[in-house]
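Starting off with a structure, shown below.
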Amino acid sequence: MDVLAGKVKVTSKTLDQTMNPAELMDHPIRLSARDVTVHYGEKQALHGISIDIPDRAVTAFIGPSGCGKSTFLRCINRMNDTIEGAKVGGKIELDGEDIYSADLDVVELRARVGMVFQKPNPFPKSIYDNVAYGPRIHGLAKSKADLDEIVISSLRKAGLFEEVKDRLAEPGTGLSGGQQQRLCIARAIAVGPEVILMDEPCSALDPIATAIIEELIDELRENYTIVIVTHSMQQAARVSQKTAFFHLGNLIEHGDTEDIFTNPVNKQTQDYIMGRIG
Amino acid sequence: QSRNTIQIAGSSTVLPFASIVAEEFANAFPDYNAPNVAGGGSGGGKRQLCEGVGEATLDIANSSSKMSASELESCHANGVTDVREIVFGYDGIVFATGINQGDFALEPVHLYKAIAAQVPVDGELVDNPYTNWSEIDASLPDQGIFVAIPGTNHGTREVFDQRVLEAGCEAAELPEMDEDAMEAACLTPRQDVVVEIAGDYTETLARLQSNPEAVGVFGLSFYDQNRDTLKVATVSGVEPSLDTIAAGDYPVSRPLQFYVKGAHVGVIPGIEDYVAFFLSEQMAGAGGTLEAAGLVPASSEFLAGQLEAFNNAEQYTR
Amino acid sequence: MNALVIAALLLVLLTVSYQVGWSRSRKLADGKDTRLHSRPIYHGALAALFALLPAIVILGLWALFSQSVTNSFILAQLPAEVAQQQPFEVQAAVSRVQAIASGYGVIGEPTPMETAAASAYASFQQLSFLGVIAAAAALGAVGLFWAQRRIAPRLRARTEVEIFVRLALIACSTVAILTTLGIVLSLLSDALRFFSFISPLDFFFGTTWNPRFQSTGSGSAGEYGLLPLLWGTVMISIIAMLVAVPIGLMSAIYLSQYAHARVRSVVKPIIEILAGIPTIVYGFFALVTVGPFLSGLGDVIGINIRATSALTAGVVMGIMIIPFISSLSDDILGQVPRTMRDGSLGLGATQSETIRKVLLPAALPGVVGAVLLAVSRAIGETMIVVLAAGNSPVLRANPAEPTSTVTVSIVNQLTGDADFTSPQSLVAFALGLTLFAMTLLLNVLALYIVRKFREQYE
Amino acid sequence: MTDTVLPGAAAGAQNRERVRKSLTRRHRNETLFRWAGILSIAAALGFVAILFGMILSKGLPSFWQSTVHFEAYFDPELIQGGPRPERADFASPADHQQAVNTWQRAVTMSNWNKIVETGLREAAPDFEIESRDLLELVTSAGRFQLRDIYFADPEVLGQTVPVSILASANTDNWLKGTIDRSQPDERQQLAATTRALADQFEENGTISFDFAWHIFTNVDSRSAPATAGLAGAFMGSLYMMIVVIVLAVPIGVASAVYLEEFAPKNRLTDLIEVNINNLAAVPSIVFGLLGAAVFINYFGLPRSAPLVGGLVLTLMTLPTIIIATRAALRAVPPSLRQAALGLGASHNQTVFHHVLPMTYPGVLTATIIGVAQALGETAPLLLIGMSAFIANIPAGPLDSATALPVQIYLWQGNENRNFFEARTSAAIIVLLGLMLLLNAIAIFLRSRLEKRA
Amino acid sequence: MDVLAGKVKVTSKTLDQTMNPAELMDHPIRLSARDVTVHYGEKQALHGISIDIPDRAVTAFIGPSGCGKSTFLRCINRMNDTIEGAKVGGKIELDGEDIYSADLDVVELRARVGMVFQKPNPFPKSIYDNVAYGPRIHGLAKSKADLDEIVISSLRKAGLFEEVKDRLAEPGTGLSGGQQQRLCIARAIAVGPEVILMDEPCSALDPIATAIIEELIDELRENYTIVIVTHSMQQAARVSQKTAFFHLGNLIEHGDTEDIFTNPVNKQTQDYIMGRIG
């Protein structure tokens, strides 16, 4: 039924910041993975992933459900350690340092590599305490004033401060979904991470909240290395500079977002982008 | 600082008497704590008494049965060598029915015939055929047989077996047989109309209330407190009362006693005073507080003898 | 006074060491540009642990041994004859000396010997106490010194403290195992002694329970067949289940599937009150109300029901177990995924068809598990049966007659007047062991079934 | 292939016809099923109502007990012992104590009954009655009550003081009609004159039914049943509950945290799990056997002590708390753990800062349910010597004591049934009251905590 | 960033059956909803939906998450009755009969309007019993042979028979996800419904299973009126003849699938289809 072919188009980038591929070249590699494999018990979820992730840019992971996007993301801050039966192989380096080496303290790693989850998950505490939690456990603030400073600037960076400044003492769980997600981002930022991982951060949000978060990601890109998993190709196209396409535990294709969407090299990538699979 | 409260445990028959003494003792001797009187049965009391010497062990065991040789042996094995027995009175065991039932004038043989699993009929042992008291003896009321007797865990049962069943058995003239078989024939109750009560007398009373025809076995003191609902039967023509039992006329009674751990005397404060107080006229004596509570008192000479033996540290032997 | 000094010592050790650990680590972080691995509070806590643990060990040892040390010291002051007396006289002599030393005085004139011993004891007491305190403090200080030397930016103080915490947690979770071990061991030796009198075969397969009252000296020990007790237990449990399962299950179904949220929020707690009522109250209830009622009912319909009978005990126990079944079933019905229910309703099944044909079959293993758990509770129940079953350990099928159970026999045999070295009493331990084995078996079975059920939906 | 399932017009109509035909029957079944549910709930609620109704109707009257009010003359002729010895007169505290004891014994030996008797006769001047029968009217503890008034204030010597003394249990039975009033003399506990006097006193107000506060302040009594109270048992239960809370909660929560959050999943933890679940169902009486063997025989702790009772009940309560805490931990959404871990919180921090606080309502409820269960437990206590007659209020967890449910057990077996049946129900009311109170607290606190979260 | 515009295309209809809009005209209206509103407690989930659904065609409901697609679907066979606090207003007619009228028996209605859910939910019974469940409760089979007949023909129509014919007695839960979903379809068919409602029937399935189900839907369309909710525009384009676009509880646009995807009238529809929202 060819009449329908081509009827769906994605016009992306409603946001104003843009970046052309040449610019990206300047960005040094922040994270590099080599031959990463993950087993969940008997089952192999990742089959040797190698990828370089540039600094201060947004890298999107796309692919059909169950292809291993989240699994790989969790390797980057070793959240897989917390899953019983998960075994990680291969090597991941953050600024040249092997994050799976024995000397590295995983707690410190996670302070450097923040994570935002699919469902907003604020702690059942006040908004202030949510953001202050990370700085507190890591001892980042010398004084109360210091801490206030960190909390406010993090909330501001997450674009939430204006909305909540009068109710910092109210529980974070009382916010709307989109606000909660921004709170989670603020919480992650407060620890002063270098990399922020986001696993489908908008999938539980409505379109308006999604747009706000996307804008926020675009702003954050200036200061952080961001990796985002998304199930929406449109979203990947809108927010990322680099895109990696996963399929059945393999990294099929990886490159500049524009290239991936306009000229996918691989047949599977093509099929996925054309909506033939997934 | 060693323990300063006397620890007592044992027979539930003695428990009420010992409790009263304990309470009055504390009232009379404000410098002593009231002794703690636990139940746990005669066996339990003696077991605890014989666990050894020391603060964590019992001082006095109440018992409605004599300490057996093996018990004493185990006592000695645990270092409890000085055990002193004090008999302080008697417990009468009465047969009673609901208040509205017929009058019973029982003989041991009646009870034997009502209770035993097998009875002699024409010189031969057969399964108990009686269903009505009047079938056993015309003098008894025309009333179905149903008897609640103490369970095998009760000391009362021992007296019941000896004074009632064995006596009745003899009177019933069983055919010749060897000793073991004889004992079994005498002491095995039938299961259909006899229930054995393992709990206390309230349970027997409840049984009587639910089954108006039933005859139950009670302690004299219990009967005394429940005269409004119970009617007592005579045994061998004697009506149970403090007088008849004390005089030895009423056949079904037994001595009550307690055992004192000699090693604790003088260490745990107040044991001597407790014993003396227990045996005093105002407590265990005739007309004393315990009599009012249903104890059949012993003579004052007897009590004095018991106290003297205790004070002379006479040890219990078998 | 002593306790106060010890508390003060520990408190001082705690604050000093914590402060040392905290401030030293902080200084490290402040001075240079080094990042601490752990926050100062962890360094403080670690130092405190290093200081406190040795001190506490010393104090603990003293608490364990001071009694005997003191005793032998006092005895050494007294003439040798004293020590040769009976243990209890020795203890009395020692207590006298202690009483004199404490200044409270004793009744009667103390002998010069005692006074001398008392004054020696008093100074010994002071000295030894000081010694122990000093030792504890010194060891604490050593621990603290070592701890503070270890402080370095990369010292993983948090990890070490966390390991300690985890060890403490593990220690706590062994209590449950020790309990089981304790149960088995405490039952086993006496049970074995019982089996030296009575052969296990007669015990486990005997059909007569008649532990004669062992007249002092008389030979026959009676019969100890477990089966009548077991049968009584089983019969009462069955009756209880016949009452509890339908009522409990139907209540759970109605409350979870039909009732309004508001009705549910009122009715559920009321039914659960039944679970909180002490069993002794149920026993009393059975004795005064249910028993007479049932026997009255029996008269009306022409059946002879005894007031205290398996029926009475079973019915009352059933009432007690209703909330147990209903709340467990409620949970289990709740675990059946909603999609299952929707699937059936979407096909046009009525509510009750959905429940009977889909939910219940799906929840069946869980419900069976719940019922088994309830059965094990029924089997172990004591007070209701003590008061309401009428203790008649005879093998008979009629539930309107009195019966007896394993638990009741334990209480009876152990608290009765029987000779405590005799099988009459010892049998209680064999019964206890049997009971334990029975409930263990039931539980393992129930857990297995319930777990299988859970797996199905997870 | 038939057309049964084809949605063609004819088949469709046929299907609809069949469905319609089945409807009446199915709706009837539906109604029946629903009614079965309603009836079950009605039955369960009915049981609650009957139980409470029975206990309240039996127990409430015994909270009001007949009390005799009269004037007592503290006759210096009768009261012996002289003045109370002063501390200053003696060298050592031990000597002083000795003298005080001697004095107290002497005072106690005085003929207090005579004082009671005189007072009662004054109240009914014209009534002919033997002393013995007259004294039957009031509780035998009356004399000690007067003595205690004197101990407390020796100044009353030679004065006439209005006193209120409980009537004896038998009098109370007679006046309340719990004993059949039509029974002949020889079946009555009280002599005819005593009964008549009691009636007269009730009429003229000398005897009134007063609220029986002593149920809450007195200990059990055998020699004067009318004065028996629950204070000792209550304190015993209280100490036990304190022991249970102090031990079971931390240990239980710690085990649950370890097993749920830290323990590797292997055979051993599986075994522990089965073991804990099994302990939750081990008959309580077996715990009694354990307590007797381990705590008393092995560790040499005193028998009848609330500490031992508390330890036994702790072991019984532990599984309840562990299981409930684990369930609560399991209910904490994994997203919360991930959030904390993702921020760089360590495993311990995650658990103690975030996960555990979420379980407080669950732990609290479990604790209270466990404690309530322990509070009502009887059987194991019988085996560790707590079914004792204790005439003192225990001053600490190492003193001998009974517990409320054991007191109920003891009273229900008391030979003075007419009196103690009501008393037992009264004790049950107190116990149930406590139980409901605990549950209410649990519900209240839980809703507070949950609101805060 | 217009360079990316148009890079995502959807080529749909890999399936062979096609149907042109003119054909659809012949199909009488089976279901018609007028002004349907739904409240969940305080919250209004649907704001007056009016739509006509034609016989023997597939109608797809699309729209961002939470827009009320499932809610409306559940109105059609009154599954909302089972949700506490849900209140339905307005009118829905099936063959001209008001399904919310008091005379109508909801049991009968649900026999006529079958439903397939997002997650395959076979009963924990054998495959045979799963399919036989409906006919049994409704008393559709006169005899065992009848019932066998129904079960087999239903399984066959659901394209499952060949795969399971040797293990009809095995539990339905043992099948793979896609097979389970087909089993659920067979189960719905067995009752002989006129309308089949499907709520995201493929969202839990892998691409291959999805393709099989889509093909099946296309076949079933010849005999049944089908309504399908999907979150994938590609899927809607592939399987449906009519498409309805929901947004925030409103029916924004409704019409022939082709028209909706190529010429959306409404701005919101356009935005959604272009990937600007959602």
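So that you can tell them apart, the chains are marked A, B, C, D and E in the order they are listed, and the count of residues begins at 1 in each.
The rule is simple: a contact is a pair of C-beta atoms (placed from the backbone, for glycine too) under 8 Å apart; a residue touches a chain by one contact, two chains touch by 3 or more.
If you want to know which protein each chain is, UniProt gives these names: A, E = Phosphate ABC transporter ATP-binding protein; C = Phosphate transport system permease protein; D = Phosphate transport system permease protein PstA.
A quick note: this is a predicted structure, and the numbers were derived from the prediction, not measured.
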Moving step by step between touching chains, how few steps can get you from subunit B to subunit C?
1
Chains in simultaneous contact with subunit A and subunit B
C, D
Measuring between Cα centroids, which chain is at the maximum distance from subunit E?
B
When you take the mean of every protein CA atom shown, which chain's own CA mean is nearest to it?
C
Cα centre of subunit A to Cα centre of subunit D, whole Å, reads 59
Measuring centre to centre with CA averages, how many angstrom lie between subunit B and subunit E?
83
Could you grab the centroid distance between subunit A and subunit E? Build each centroid from C-alpha atoms only and quote it in angstrom.
34
So the centre of each chain is just the mean of its C-alpha atoms; given that, what is the distance between subunit C and subunit E in Å?
56
Any chance you could list the residues of subunit A touching two or more other chains?
107-108, 137-138
What parts of subunit D, by residue number, touch at least two of the other chains?
19, 26, 346-347, 382, 387, 412
Multi-chain touching residues of subunit C, meaning two or more other chains, are 158, 287, 348, 350, 353, 386-387, 414-415
If you go through all the chains, which pairs of them touch?
A-C, A-D, A-E, B-C, B-D, C-D, C-E, D-E
Subunit A touches which residues of subunit D in the complex?
265, 333, 335-347, 349, 353-354, 358, 453
The residues of subunit C that touch subunit E in their complex are 261, 337, 339-350, 353, 357-358, 361-362, 456
Touching subunit D in the complex, subunit B uses residues 3, 5, 7, 9, 15-16, 18-20, 22-24, 26-31, 33-40, 48, 51, 54-56, 58, 99, 199-203, 205, 219, 221-222, 225-228, 289, 293-294
Touch list for subunit A against partner subunit E, complex
1-14, 18, 64-66, 203, 206-207, 210-211, 232-234, 237, 257-258, 261-262, 273-278
Provide the residue numbers of subunit B that touch subunit C in the complex, in ascending order.
1-2, 11-13, 39-44, 46-47, 50, 53-54, 63-66, 68-71, 74, 79, 151-158, 161-162, 180, 183-184, 187-188, 191, 195-199, 203, 206-207, 209-211, 263-264, 266-267
